[in-house]
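Each structure below appears as structure tokens.
Each of the next two complexes has chain A plus one other chain: chain B in the first, chain C in the second.
The block that comes next holds the complex of A and B.
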């Protein structure tokens, strides 16, 4: 499948998001770029605090004070998302892009039935009679593999199990037939067997509808299973980006390599000692100068602690931001200055 | 080898009562008839999904929950009804959520030193300070950290404090209750390696509880798999992985994501239907029969027996 044949849906350029806290400015997202094409599943991997969710919230226009987009652009099919009026944004959310969240219990309203909430989502975006909205809701519940959808429509969120609730969330996300689904750690709160069910379901739905998915997770195993392209984030920056095979078999950034080496694998033949990434995550209030990963990196050079590395193209749609990939790092840095 | 055995659990049960009406009592059967033993210096891993009773079992072994029935034999002594204080020096626990299990109002020095005071392990004040500092260094923290409060540390460091606290009494046996689940991937491996180093240096014995099969398989010599309060399979970790006997173990293994796109996309996955039944009224017979792809009529009627099906490889299933 040649990705260039698909339509470019989302174009993010040099996006900056900051939180202005009493303790100072936290640059949660510090200049990220990526494109999303239709029918693509893009994984965004990173540890807690790497800015992977914040970036998704920025796309959806869900950033809350004190968070603010401080620079860059987000374009959806050529239209500037950041310049949307609140009305445009409302129709953009749901119709074009929808989002499902990590914890399905906190995202569903406990005092309304599942049916009520699904119908509300339909009616918000389409002016259609209620019985049609209901039919649409039932159709969606069937699509996400819920038995007796008519019955379930009358139930409240607490009557469903965690896996069921996540299915309902997915149904709600799909109800207006969006072009992009942003899934923010959709399986993290679930057990492995349920996680497997949800991943299978998302794969099926993706094939069926052809929509693009941005899959945010910290679990590289899940990424290996579902994603076509992967962006690895660290301290608000994309440190490496490429297709799934490149990231797993030809990682270029020491952080990606470190993540892959530090994970125990269930299929390891013999007990091998894990190779951890030393040190602690970055303090986002006082990030180190230069490469954010520098202080923890085993290959750290002098320049890494002084100046931020550029994005280097290392293959077809494969980029990494690391000074190691620059032949003459000192010269490059001097030129950049 | 009875001399090698540190802990034995026989027919352990733990029910939690819940009131449903004025006089009606119902029970959550959190742990139902579990048998296991742990040898000195080994790590027994316990896996299962949430609500399968693995944490309850771990706590019942330490008698943080009083067992409803059954026996706990530690080092040849039946401790099911003993006074626990002397045994607390030998048996310790590391909790899942490091921020919730450390008192926010106590300094790190107080947290780690509390057990030293209770068991009167220090001769005088300076000895106590020295011990605390040594423990902090041992878990990769700084000795100056003893005057700080838990919130000043990151999640990984907090977990190190929790481990230092468990080590303070120089225990033989530690229940590690999901010690790395709340941590980021890059920090997880640091803690896992540290636990392994401590074991080889001090000859510790672990009961390692986690829902992440990859971590459990990595650290454990033997693995026990639990489902809805029952132990369904127990064996050497490689045996359990390569020749999983119980259908539940097989599905669990096939559901674990492998960080390798070629492997994970090629393998056949058994996707279970449905959800875990409520432990308040578990299914009759084999508790797994409602979701088991191989269930036969006998499974609904008869509780399968816990049998040794291969050397040191136990399972409870009718079809085996």
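The block that comes next holds the complex of A and C.
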């Protein structure tokens, strides 16, 4: 595992995704870059509508009309994901990269048994006899901590609890041994005790299989728990990116700072008031010029409302897009353009 | 399951009894009688006839007698149309003719209707969808006698490719079956389209795509079965109606089926035949609804028949 620890799996460059609605173009993702290496767990945090799920759908090719990728590139092990034919895409999905979703209650087909859906996931990609696929499915169910898996295979989704269904979803994601698992808010729809179990399970599985995980969430606690790297998204852009310690202890972007301040902490000596981020999220149909966070930012300067800030390297693998990090001379030069 | 079916049988018996009573009373409420026409027989003959068939007794006694006979499986004899032949025999003779056309039409309607709807939903907003939408809208809005007559004129008299009356060869089945199937086919098409559109936006379809399932398998395996439930609901009563024959189609193509006979019996005031055909249709409807309810369970495992198993 150590050997391929630093193999680059996914390379996303300047990705743009837009939804062409009757009211106009909504730039849901406006130019994001990141790399994902094998064995890495990357968290993508951001509020609702910040484009974090859309970006994941773009990787999976699951964007549906009127959404489409309008620019940039997604490379998986050097192959251009966006140029895949539908055949290639089918074999890519589930096999190389698999995805689990937010609501396990509605993500499993209600009219087929768990076993049927798991075996289908295997048989989509490998031509193997049904009993082998079944054995594989049972093995996965055992791995995700489902007791009596032979029995569960014959059950329908409505006969299982939410936590169990999410475990089944995870098993389904793992059944083809993918290199990347994209988890789109996998714990949001579950109650808190089950959330903790699912996070624990994902950590264990990650250690066991060594696969990379993209963990999309709006829960910073979950990020601290499981991730190595974090990207903070706001209005379709990555505003800050770095390893988990950087983000939690040395946040550079005012938005990240705001997020951290609005999160309750149990380790604080005195119970401080939570500080909300003022204002409302950006109207994605008419995004403001300059920094998207500008209008809500406590440190907003003139330039912030005119020019979009560049990504500034503030540490080893730690970048943030904020004019506060740029020295005055450069700011003036940029502003003069 | 057995308990459920038993319960439904009891319900069915009660419903049939109510239908029998209501029909019997309504039928007798209409002024006139079976033996009155332009050339009415003499009062003596009339009285003798009424006495023979028990029509001289008070209405409630007549009804009681009818129900007692009905429970024993005796539907009485025809008064006029096929004088003194048992109604049950007449129905058993006519039903197969209607049912044969009905079954073909039904299969036709499902076999074309469901894929039409699915294809339209899959290509939503494209030209295929628009064409199918025009066809299905026409299908549900043009009255059956227009469809039947236009087809008859075009294929029967203008191009002379298909026979116009009777059921002599396999060719003569084409026009009546198509005429009978056209409306339900279009209706099923519209139902399937709406329900398919709803289903393909469900999250489990996205899961299936994320697993790498082929588009074909997504539509035919994951979506179709879920979208079939509304269609199944419609199929219950449709089957009963289509099997007992379309009055219009049987009249236009001159087919000796039950549908046409039912209407004629009303015009002729042939009481036992009106009662017999009504009860037969009602029983068939109830049976089909029961079959549909049982099929629900097969299509959708979430449906629990033992809880609140009403219907019919």
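Basically, the second predicted complex is superposed on the first by the 320 of 337 C-alpha atoms of A that agree within 3 Å, B and C clash if a C-alpha of one lies under 4 Å from a C-alpha of the other, contacts with A are read in each partner's own complex, and residues count from 1 in each chain.
In this section, a residue touches a chain if its C-beta (ideal position, glycine included) is under 8 Å from a C-beta of that chain, and two chains touch if they have at least 3 such contacts.
Keep in mind the model is a prediction, meaning the values are calculated, not measured.
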Check whether A:121 is in contact with chain B, with chain C, with both or with neither, and answer first, second, both or neither.
second
Using the touch definition from the top, say if A:139 reaches chain B (first), chain C (second), both or neither.
neither
First (chain B), second (chain C), both or neither touched by A:221
first
Between chain B and chain C, pick out the one touching the greater number of residues of chain A.
B
Partner chain in contact with A:259 - chain B first, chain C second, else both or neither
first
Looking at A:245, would you say it contacts chain B, chain C, both, or neither? Reply first, second, both or neither.
first
Using the touch definition from the top, say if A:277 reaches chain B (first), chain C (second), both or neither.
first
Between chain B and chain C, whom does A:88 touch in the aligned arrangement: first, second, both, or neither?
neither
Residue by residue on chain A, keep only those touching chain B in one complex and chain C in the other, then list them.
none
What residues of chain C sit close enough to touch chain A in their complex?
202-204, 206-215, 221-222, 225-226, 299-302
Contact set on chain A toward chain B in their complex
47-48, 161, 163-164, 191-197, 199-200, 218-225, 244-245, 248, 258-260, 262-268, 271, 273-278, 280-281
What does chain A use to touch chain C in their complex?
60, 62, 86, 90-95, 98-99, 101, 103, 106-112, 120-121, 124-125, 156, 158, 169, 172, 176
Could you pull out which chain B residues touch chain A in their complex?
49-50, 154, 156-157, 184-190, 192-193, 196, 211, 213-215, 217-219, 241, 251-265, 269, 271-272, 275-276
